[in-house]
């Protein structure tokens, strides 16, 4: 596990995620980050549905990916991630995508918790804050 | 226009829709059929939102595609389609996907109109029936 | 395991695979079928790369899906599949997608082995035939 | 046209690009940026195939998206883009995604031209440099 990361999940590159350059399309990484967040929430915070059951949604408000090496069909990728900078209605995830220890990409995503109906920003629930603090031991 | 078809719409194959075989991935065709249906509804029946505004959704209940020739990045494909067999809550679309007159695929999709909340089957609204009849001149 | 099936693999519905109807988009099933085929090949026939290393590709030439019940975000779906009707350059897969024993969809896909460069049909290699026969015990 | 931009292309949000939050999924924007780049290359530089015919590919090496407002099914979005900072094997695109003048997202992507076979960095061809300079009038 890279220093500073306590959670990681694997994905296997699907054939449908490749493109005519013979490698994983760069939008696929964005999906994998989401898959890892969902797994993180399931492990640490009762699942994304726990948020939804409170009438909230977590929107993605920002995205950054630095691609370092190509991923190919059937590669098993490990997505290390951590949740940082939770304040107000906002939080951020940082990621390292690796393949057998080789760095494939680094990334970060920004999120805001909003009311599911109005999409107005709503403070991150305290139980989620506590779950993150426990997961990250910060 | 192939015999029996009165509506057609174009799509251009996106790079993201290709795969490592160097051709359009076979799931892309399924998306293009939907793009063509949406365009058909916009042209003939006030748009898909007209259905939604009545508290209805049109679910896809069946799908068949016969792939005849590969499509490639940046190809312009023409999707000919017609709506047939409207009865009760059900209707069907038939398609020919062509590239400069060459047959790329034939397809059909089955649909059911349902209540948007309960997903219970609900008869196709009469104005939609009339719109289809006019579009297909049947 | 449903009668007649000897292989099955699980997928978890990704958030990106849902649509504004609140359910898994009907093109997602097509991707899952492919994920299950890749897993089947890995388990029974040395992986899809074994085909590619011989200069072959397996194209998808046909597709049929009957959707029986909606799948939702985070559902774990079991894809039962079997390879049947291998002859010449062609073979077929049949599928049942289930969620805790409830039928979500049935499907079939048709395939042809082709030369990777020319895309000309090429007989299914004998080792693949034997691997299928052993997997299906036919 | 926003100040500093000379090229723009439209996309219509596909139903398949929405998610269960009822809005366009945040990975869809990444695809639209690519669609706009391909259109830009077609308008200004002989199409992406001109690059491929020289044995080159343009890889995406970096990505940043700031999401400002949700996009919905059937929205027509205008993607304004410009190519900047071309040097060596690298170039960058900046984007504004708008809906009827309302800002939906800003973005940038980083690219490297590489040898299609070896994926080794290769200087941006001079004709491409000239095409960009003419398109951007810099």
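Should a chain be cited, it is by its letter among A, B, C and D, assigned in written order, with residues numbered from 1 in that chain.
Here is the rule we go by: a residue touches a chain if its C-beta (ideal position, glycine included) is under 8 Å from a C-beta of that chain, and two chains touch if they have at least 3 such contacts.
Since we're looking at a predicted model, the values are computed, not measured.
Using the mean of the Cα atoms as each chain's centre, the chain most removed from chain B is A. When the interfaces B-D and A-D are ranked by C-beta pairs in contact, the top one is A-D. Measuring from the averaged C-alpha position of chain A to that of chain D gives a distance of 24 Å. Averaged Cα coordinates give chain B a centre that lies 28 Å from the centre of chain D. Within chain C, contacts with two or more other chains are made by residues 15-16, 27, 31, 34, 73.
Within the complex, the chain A residues that touch chain B are 15-16, 18-20, 22-23, 25, 27, 72-73. By the touch criterion stated above, chain D contacts chain B in their complex at residues 14-16, 31, 34-35, 38, 42, 47-49, 73-74.
Only residues 21, 26-27, 30-31, 34, 57, 59-67, 70, 116, 119 of chain D touch chain A when the two sit together in their complex.
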